[in-house]
């Protein structure tokens, strides 16, 4: 049984259909790279899976249960964590407070405050700083740490490199390496195709709300993905159902 | 590619009919004293005052987005100025109009402070202003504190003449204010007003001078409500500060505008008519009547914020007054 | 010495204003809504205590054990039924809906209790007029001092609650970003309802102290709302302690005003309030943004 099953999901953004009949599955331990141009629907899709955005059609199943109607806080308690686009930290609260708030999800596990600080040592000197005063890299680390503190079964990362300098992005991904090596299940939105294809086990490319291409990272070439990304030529049809 | 021809029109057949009918109605009302009895004249005068209050509060809240719980400040001030002017020897009916003007003038410096406040702070801030003005007016020895005084100068006229004169004055003021507002809405300022109503930030970003526009509405509303206060004084003759500076007046205004329709001309008038009818039928029910008013305001603001007219105009796509632009392809 | 005495009385009066203002301030910083029914709810609490005292002979302080849970429940319902929906409707709706609610409460109270002014003073023994003598021939009312101490304790307690407890932190986070808190397992609706309940408990306490030191009638809510609002706005900057400062400034202004003129009590209060607003708007837009002023703890 897949960890996550998304079936013919429709999500609207105002009047615009941002996600159209998207269907895919995620197995435990997989790392999915979700790529696509701006406006392709990636962020909306992630938010819909996390429950931050209400879907208008289709179904989402997580760990065997139908979560389509569940509000976001319940999905967090069930084990889905989203690191939102733009970090969305509580700027007036300290790093420690931001991290510890996540205990509200009520999921004990390996990710404690100490474990998060081990994974992101650059936060150690900044524990009592207000989140609004942190640098970009520190903010990203805090945001990821906050999501990890809910001890999720599925981690959704939305554009962690957004607004960060290349060096800082390197550091963030280095920090994520251990996480990825430990077998965590991750869906990651990343604009940098090379990096996305390097860390992922599977790639899903979206175009105008639909899945344009899907396949194992090592089976796909960069050219194939680029074609699907821009909608050039004929894109490979999406593979329906669980893979 | 063929060029699409288009035209911009402001009047639709329906709006032509509406405006024509309205003007006819006002003319008909003007000859009212010839045909209607005393009771009807009194009631209509009260209705005219309510229409003024509703339209003015709507202009402030619905168009400029300024919710004020303190409009009674101007209502009381208008009546107070009327008393003072009449006492100073000015003829009664002109002093009513002048009282309104003076109230508008007071609103100008006030606007520079109050308009800087936002939302809830502005709302209650205006209430504080009303309370302060109430207290200050009480200090005037002519008013004799809460005992109040009367517009004695009215005694110069006999009851029948008084009734007709106040009727015409009220009708004239109402028609005049409606005309001013109508013209304003159709002007460039009107486009600014409606832009601010819909989205203040967006309006500012296309160059609308938000502060100046709001100031104009604020002062106009003060003038209108002040006039209404002076007119009400003329109908009830006595001036007790507590009555005129009571927050109850704002409660009435809110009810009329919420039930009738926030943000539309037609809605405010509809609200005044409904309020008038409800007061006529239920006014005697005492507190339950007031509970009903408050409850209606509460329910409408939560469930039907655009009021009855808002619902009607959406449902049937009607717009009676030509204050917008229509693109005709 | 007379002026010092007046100022002292004003400071103690400020304790009451801080008490009634803290719920309003708290609600605003959490939900960005100014609840116009605030004053009427305090009067409601006072009337409930009155009924308990008059009909059942329960001392008002003990009566709080019954009334405060009722107020908490009312706060919860208020948030879920009215404020939550109002907040979605834009900026105008919360003002209009809470004002409508205030009218409903005021008039229902009138229906139930009539126009007479009531007070809790007959039921608290000598507490309402006992005083302590200070050197210099100055007397301070015991009740006034107790009110002031209660205000300080309540504000301090709220501050501590917000900064140190998990629920308090959840309230602060929800106030800042109600959508994102859902992502870490916090139910924004429950958190806000709890915050409203807490605010209403403070309102209940304020109502009790109002009743014990003075009289009230069904339409007194508006006046109390205005005092609470003035104290909250004057204090404006930053933490809940600003509310204490605001209350004291208001109380002192009123007391000095009363000495100057027979009608000066209220006039001075409103005038000082408007003056401070004026000064703040024109001289210190960078240092005192009134909106940002309702921050949550330092």
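Per-chain numbering from 1; labels A, B and C assigned in written order.
The rule is simple: contacts are C-beta pairs under 8 Å (C-beta built on N, C-alpha and C of every residue); 3 or more make two chains touch, one makes a residue touch a chain.
Everything numeric here is computed off the predicted structure, so don't read it as measured data.
Chemist: Just tell me the minimum hop count from chain A to chain B, counting one hop per pair of touching chains.
Modeler: 2
Chemist: Which chain's mean C-alpha position is the greatest distance from chain A's?
Modeler: Centre of mass proxy via C-alpha means gives B as farthest from chain A.
Chemist: Which chain's mean C-alpha position is nearest the mean C-alpha position of the whole protein set?
Modeler: Central chain: C.
Chemist: Provide the C-alpha centroid distance between chain A and chain B, rounded to the nearest whole angstrom.
Modeler: Spacing between the chain centres: roughly 54 Å.
Chemist: Measuring from the mean C-alpha position of chain B to the mean C-alpha position of chain C, what distance in angstrom results?
Modeler: 33
Chemist: Could you grab the centroid distance between chain A and chain C? Build each centroid from C-alpha atoms only and quote it in angstrom.
Modeler: Roughly 44 Å, centre to centre.
Chemist: In their shared complex, at which residues does chain B touch chain C?
Modeler: 61, 65, 67, 69, 113, 116-121, 123-125, 127-129, 131-132, 135-136, 138-139, 247, 251, 254, 258, 262, 287-288, 290-291, 293-299, 301-302, 305
Chemist: Looking at the complex, which residues from chain C come into contact with chain B?
Modeler: Per the touch definition, chain C meets chain B at residues 28, 33-34, 36, 82, 85-86, 89, 91-97, 99-104, 106-108, 110-111, 222, 225-226, 229-230, 233, 263, 266-267, 270-271, 273-274, 277-278, 281, 290-291.
Chemist: Which chain A residues qualify as touching chain C in the complex?
Modeler: Touching chain C: residues 50-52, 71-73, 76-77, 81-82, 84, 88, 90-93, 97, 100-107, 146-147, 149-150 of chain A.
Chemist: Going by the contact rule at the top, pick out the chain C residues touching chain A in the complex.
Modeler: Of all residues in chain C, those touching chain A are 166, 169-170, 172-173, 176-177, 179-188, 295-296.
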